[in-house]
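Order of writing sets the labels: A, B, C, D, E, F, G and H. Residues in every chain begin at 1.
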Amino acid sequence: MPRRKKRKEIFALGNEAVVEGALLAGCSFYGGYPITPSSEIMEIMAARLPMTGDGVFMQMEDEIASMGAIVGASLAGRKVMTATSGPGFSLMQENLGYAIMAEAPLVLVNVMRGGPSTGLPTSPAQADVQQARWGTHGDHPIIVLSASDVQECLDMTITAFNMAEKYRTPVILLLDEVTAHTREKIEVPNEGEFEVFSRTVPSMPPEWYKPYEETVRGVPPMPPLGAGYRFHVTGLTHDRNGFPTQRPEEIVELLERIHRKIDQFFYDIQLVDEVQTTDADVVVIAYGSVARSAELAVHQARLNGVRAGLLKLKTLFPYPRRHTEKILGHARTLVVPEMNMGQMSREVKRVNMGRASVRTINRVDGQIVTPSEILKVIMQG
Amino acid sequence: MNGLTGNDVIHQYLRHNKKFPHVLCPGCGHGIVLGTLIRSIHALSIPKDDIVVVAGIGCSGRLAVYVDFNTVHTTHGRALTFATGIKMANPKLKVIALMGDGDALSIGGNHLIHAARRNIGVTALVLNNSIYGMTGGQSSPATPEGATTMTNPYGQLDKAFDTVELARGAGANYVARGTVFHVKKLEKIMIEALGRPGFSLVEAITPCHTQYGRKNKFKTPVDMYQWLKKSAIDVERYEELADDKREGRLPIGVFFRRDRNGYEERYYAMKEALTGKGAKGGRK
Amino acid sequence: MKPQELDRFEIRFSGLGGQGIITLGKIMGQGLALGHGYNVTQTQSYGPEARGGSSKCDLVISSGRISYPKAESLDLLVALSQEACNAYYPYLKPGGALVIETELVGQQPTNRFLGLPFTALARDKVGVAQAMNTVVLGALSFLLPFVQQAIMRKTLETVLPAKIRAVNVKAFNLGHRLAKKEWGDDAGEVWRVEEGFGDD
Amino acid sequence: MAHQKKGKSTVTVYPDWCKGCGICAEFCPSKVFEIGEHGKATVVREKDCIHCGFCELHCPDFAIVVRDKSPVAEMEDTAPDKPGAKKGA
Amino acid sequence: MPRRKKRKEIFALGNEAVVEGALLAGCSFYGGYPITPSSEIMEIMAARLPMTGDGVFMQMEDEIASMGAIVGASLAGRKVMTATSGPGFSLMQENLGYAIMAEAPLVLVNVMRGGPSTGLPTSPAQADVQQARWGTHGDHPIIVLSASDVQECLDMTITAFNMAEKYRTPVILLLDEVTAHTREKIEVPNEGEFEVFSRTVPSMPPEWYKPYEETVRGVPPMPPLGAGYRFHVTGLTHDRNGFPTQRPEEIVELLERIHRKIDQFFYDIQLVDEVQTTDADVVVIAYGSVARSAELAVHQARLNGVRAGLLKLKTLFPYPRRHTEKILGHARTLVVPEMNMGQMSREVKRVNMGRASVRTINRVDGQIVTPSEILKVIMQG
Amino acid sequence: MNGLTGNDVIHQYLRHNKKFPHVLCPGCGHGIVLGTLIRSIHALSIPKDDIVVVAGIGCSGRLAVYVDFNTVHTTHGRALTFATGIKMANPKLKVIALMGDGDALSIGGNHLIHAARRNIGVTALVLNNSIYGMTGGQSSPATPEGATTMTNPYGQLDKAFDTVELARGAGANYVARGTVFHVKKLEKIMIEALGRPGFSLVEAITPCHTQYGRKNKFKTPVDMYQWLKKSAIDVERYEELADDKREGRLPIGVFFRRDRNGYEERYYAMKEALTGKGAKGGRK
Amino acid sequence: MKPQELDRFEIRFSGLGGQGIITLGKIMGQGLALGHGYNVTQTQSYGPEARGGSSKCDLVISSGRISYPKAESLDLLVALSQEACNAYYPYLKPGGALVIETELVGQQPTNRFLGLPFTALARDKVGVAQAMNTVVLGALSFLLPFVQQAIMRKTLETVLPAKIRAVNVKAFNLGHRLAKKEWGDDAGEVWRVEEGFGDD
Amino acid sequence: MAHQKKGKSTVTVYPDWCKGCGICAEFCPSKVFEIGEHGKATVVREKDCIHCGFCELHCPDFAIVVRDKSPVAEMEDTAPDKPGAKKGA
């Protein structure tokens, strides 16, 4: 067996690791508009992309245009990304919905800051979680990921691109300001050490191609614009050819498929890390930087004789119901610490159906939830 | 299809699996614009595969579905943002943004001026029918002062944008105006616009009898074409007119041409300069 | 040489905007992380405080995994302004060390502190007042038993653009030398631990 | 010149596509069209067509095709039409 | 006792009734952008407002501007409104969050159509329900109302204005295309027959006024701009004077207050209609036009010997938990029919905590849920 | 406060319960614009209560909090939409929209051109520092071609908007430009702008040394003021310059004045005409 | 006169755009709701179908509260085009009535229908083809036993602008008269119910 | 004219508000200011002030106030200053 090539180590900001991950995943198009605390992603992209093969970096006039540009570029065959924070995320919602309907793969990074409105531009929060799920109008599926440290920023960005391409869908990566603005040593994987997925392109003659056809995976192949497959893309409900339709059975087929293509692959999409959960009475369910506090708290609780565990959510939506169910087999108490007024805890409660007791810890003052706060609640059982 | 002429040519470019006639109202000028666009592309012998028509939302936006190009029907007002992404992603494509006046000038105004400033290599067609057709006849920023609409029952108070002046102020590279009555001129303009570098804007004046004409003393669609016939005048001749003779006249033709490279050309040239022949690392 | 085992060592650099606090923290962090092989998290203040003139940068250093990335109770506080010293002294652990810039911190909250006139040193001995932060880096490279001077100097050289490299190496060496001279050989002794019993 | 073509063209309206807007009828220099009973354009004076192209360019529904007569068709067509006779669909 | 004056009857479209209600409630400013199926609201406002006392009607350049204009006018003392549908609603989210932070009363009517994206512009749907709750970034409170028939369009619009003014907050009125586009006979109440609430203005000298002060109700008085109280309004987290703050205790006070001012008045805000629920084994929980289908189904079920009832939600958020709890005292089955993939049923399930069995009926094909569909599920028990 | 002069006057208009100095960087021109605005208002004797300053988001937007008027700090790019609502709701108020160049020209470009077209009675101040200050030095649509920024490390490719031409193209009623070095002229402009009907746009060129200057060869804030001193030239004189002499010069002064009534005036006049003296029912 | 008790009577008007179908439904609905005191819901087709040339308008009429506002099974279908007749005939209740425009609906799906050449009547007898919908309204006012001709005419007059009022009243009366003549006195008998036993 | 005012004004800098940008020191026609050790503007030649107003108008932080001397103050000030003596805060 060949010796594993040593990985490059860098001391990088979370936002920097996102760029690193994106480039490794094959991102070649960035369109964006600056906003704290996501701006470093854009700035580093501005420096890096013009230097790479076919990399395109564009500063657009606003967040609406940013989404428009990356959806356009995605349709033209690129792996694309944008990054923003709350106010910009709100503005991106309309075109995000379009991308869902057009099934245009893209990665949207939202580095969350305190809200609502302009709120607390430089302080951490996790208050856009439900917005990530429901922000655009109409029923829609969405994949929402998160990362809790700098290495994960890199890894989850690669994952985000892979899921976007695999499922032909926008993927949202939610970071909080702490994760985005922490510098840590991370390993940059070598080529071949990680999976890179690219959208399937059609392998039939153009006349036979139907851009929104039913397939086994529910994901139709997608050629770049201009490759000889001249089809129609629209945000209206459409038939298999992409043409607008008002026929109930075609509408249902479409909406059902775009949901199913994600729902049925829950085992691939719903990612968590479990720390000492197997025997745990008290399980902390956390994500983002709060999961780091939770990890320390769980460690300290064990030292204090409490069987605590951590379920770290790396996928927020579709909510990892299966993993939660497993834990509900033994846990008496679920502790859900968040930098918001209780957004993921709604999902936990919905799945819990009254079984375990659910304790929430919520901060909305721009401060991170500390290990000791979590420890206190764990110790209360 | 080169032996063919007239609508026999057009028919070669229409999607055979779409239902015709199209959904637009009798006498709607949008169809004439579409025909003109097709003829211009045909004249330039651009392969269908290389054309991307990026449409906004509105009656005008519905045209995209009928033509056998790569067609993208986007969100209201945002066609130019998608078009920008597509052009930058693949500069070899000929990207045409097809927008209504509400689409391009109201909700989409910002993208229009920025596309012009940036000089992205996209041909923008603004199908100006002075009204929101699709949603049932509300005012647009191109509705003439005093006209009656569903949202201005007592007469439009706003002054209309002059699309040409707006694009000029934003720094556009090429701006022209035509009408669907003066189709040959419009075709000449489109052919020129499609062949130029950077951002070109072509405004096509196209009647909407259903939503605009009926409320503003045009009894039939034909009346609106008569009005176009009467009021349009070549911009060169218009400029020679005394101020008081200009009232009610609609100058058409090419208003200006500037010669700046398209954004995508400048961007890729910068990349080239930075990375050299395959070499990594810039020489900034 | 095997790096000393550390379990969450927390440092805060604090002072005024323009003193190069963030750069100081970043270089030190990078040296410890990439050069010494520790796990390190570096965080800093963004936003209006940063604008308002004050500046802050934290490092957490550990041999093991760092869960919580922010500094909670400091092993070392570096205060380069009076305001910063006042603000952050309360976060110093019992037994933690306070390093101050003696000319800018006139009122010391305790008599147990280590001080040097970093700014004056940089200005007068190096000839570039802006190299003050590097003088601090040099001094700390002496003070902290787990920092190897050579590695840290190497990091410094890697990070800085060529034209200011020489000046800064000079400043770094100066800081190291003077700290040794002024603070004495056992200044950081409290943090030195014997090699543990763990297996290799 | 177009005028020399008089009588040399066939004019077809596809009634399924025609919406009866009246543009062709109004502006055809040779008054080739009328709007018929069912609100569709009808070719009523095909032989007067000078193949100016106006109607093809201006029909918003691509419903008209004007073609040069094939030699054979032309031959047949030399027989004088009854004036005002209806032609086309 | 004086005889009640006969009420004027009109045969009106749902959208028309909204305008009627708004004018009765004192709305004097409309800013909007047309979109199907809400456009009639705008068009009728365009005809009516210029004819009324100080009425201002403005067509803005887009939905973002519409929200900006009405928030501005609200701060200047007007009772204000806009109306839109899905795509416009997505664009309004950023400034909606601003209004929440600035505590600017306003009424936003969203006549829902099929989504996501451009979707089904002329077909009914109820798919923006969760978006109404979570569409803007950051933790925020929001009042969301709905109406199921034309009379309710009028009544609930008045209620929406009253709540907006009483609680200094945006209120969203969600209609569906069916309700908005049905014509019915309605009664227009006479002046004095209905409550009209207007924001409290300060009654102290300007020097003592703090625009975001803590009060008993949690709602500070609000003078119009230019009335001598020169204060600062911002979307940043702010102190009692309205000045930006980053101090955790001030932030918490602010966010806690804007939530509390709504949460604590749940008995005033959470409106439902109950039809034969007292003894019901099976309760249908529905809203909007679907509640009408449900009413017929419940009626037919009773004829068939099933003890069915209807809980019609007129307030969607804050979710009427209290009323649901009461029903959970006896109901075995809850049936939640919706023209979406299950949005309010999430709320029902969260409150239900596994007690009753929850059956959902979901349509997303642009068709209304029919009485017979609901009846079938009721009859299955 | 009429006996007072200079900054003694300014101090009367600052909020005494706010912390000073303000948050802006040393030498930032925004403070000078604020002082000039205060002096203009003082000169016109407009009561503080009648002034509404509507600010966008950016360093410029932060100014609003310091002055003792009615102040509304809105969302990024949207100041003019709020200002429009306020003015229409109460035309007696003097409404001033205070925006950065990113605010007004990038994300807010559509509102700017529509406010101009509609001619709403608002005075728009665009504080143009060629850069996004607040977010740390990214390009704005006013960043000169070739300049280096955080998002254009290899030099800005875009052409900058000419605010004056853009506003002209959109049909604005009054457009002027000044600089914070030429404060007296700027004050004269502001006084005129505040006194006019309809939409007036004043562009104030104001240096940002921290985010723009340092990356573009201005060693100190003072260097940027020297540059303003050298490059600015009265527009009247500028127009007499030969084309090749114009390079690098910045014309300042009033570019044009048009005399159209403000939208609010036209709207309320329409209401008056429709409803008559208290009478219901129009006479359209 | 006390209005007849009705429990969900459903009417659909259908035909082509431009025939005034929606106006017909609106006036009839308003007359029944405001003039006769019934509860009425009127719904119609929006969107592309409407654009595409076809047009549809439903009324549900009831003495009691109307829960579900859309027509589900029709008591009366008015079809003014062949296409509409084909499309909606299947929704007619057993025993429901079909009214057609005889010139435009050549193929009747059943021999039980009531027809008149409404368009020709309007054009030839009233002189205004566009008044066709009012002729239909008049005919229905005769056909439907719960409609009072005078009230419906009054509604018509209220709703229409002055300058087209006279023409339309003429059309209305024509429709009523001809329906009576052609369809016979007991055409709508099936829907007439005896006064019930309920208390006053 | 402004020049006639020479020596008739007091110039005050509020050091708390001064950020030391240097504008006043650079552009004051009479070189009244210097940037002092702590990076703040200091009035060093007050008597040369001609009350042109530049510094007040251009200080971005409203930190300078130039006032006409009150008759009393003026009187006191007639005593010749030592050249270069520091004045103000």
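Note that in this section a residue touches a chain if its C-beta (ideal position, glycine included) is under 8 Å from a C-beta of that chain, and two chains touch if they have at least 3 such contacts.
Bear in mind that the values here come from a model prediction, so they are computed numbers and not experimental data.
For the remaining chains after leaving out subunit F, touch-based grouping gives A, B, C, D, E, G | H.
Across the structure, the highest number of inter-chain C-beta contacts is found for A-E. Subunit C and subunit E have Cα centroids lying 56 Å from one another.
Subunit E and subunit G have Cα centroids separated by 36 Å.
Taking each chain's centre as the average of its CA atoms, subunit B and subunit E sit 40 Å apart. Averaged C-alpha coordinates put the centre of subunit B at 32 Å from the centre of subunit F. Among the residues of subunit A, those in touch with two or more other chains are 36, 50, 61-62, 64, 87, 94, 98, 102, 117-118, 121, 123, 234-236, 246.
For subunit G, residues touching at least two other chains, in rising order: 47-48. If you check the complex, the residues on subunit F that touch subunit H are 5-8, 10-11, 14, 20-22, 24-32, 35-36, 180-181, 183-184, 220-222, 225-226. Looking at the complex, you find that subunit E touches subunit F at residues 29, 31, 50-51, 55-56, 58, 60-62, 64-78, 80, 94-95, 98, 224-228, 230-236, 241, 243-244.
By the touch rule above, subunit A contacts subunit F in their complex via residues 33-36, 39, 42-43, 46-47, 50, 57, 59, 61-63, 87, 117-118.
Contact residues on subunit B toward subunit A in their complex (touch as defined above): 15, 17-18, 48-50, 52, 54, 64-65, 68-75, 78, 80-86, 88-90, 92-93, 110-111, 114, 267, 270-271, 274-275, 280-282.
Contact residues of subunit A toward subunit E in the complex are 64, 86-87, 89-91, 93-94, 97-98, 100-102, 112, 114-121, 123, 125, 127-128, 130-131, 133-140, 234-237, 246, 248-249, 251-252, 255, 259, 340-341, 343, 346, 349-350, 352-355, 364-367.
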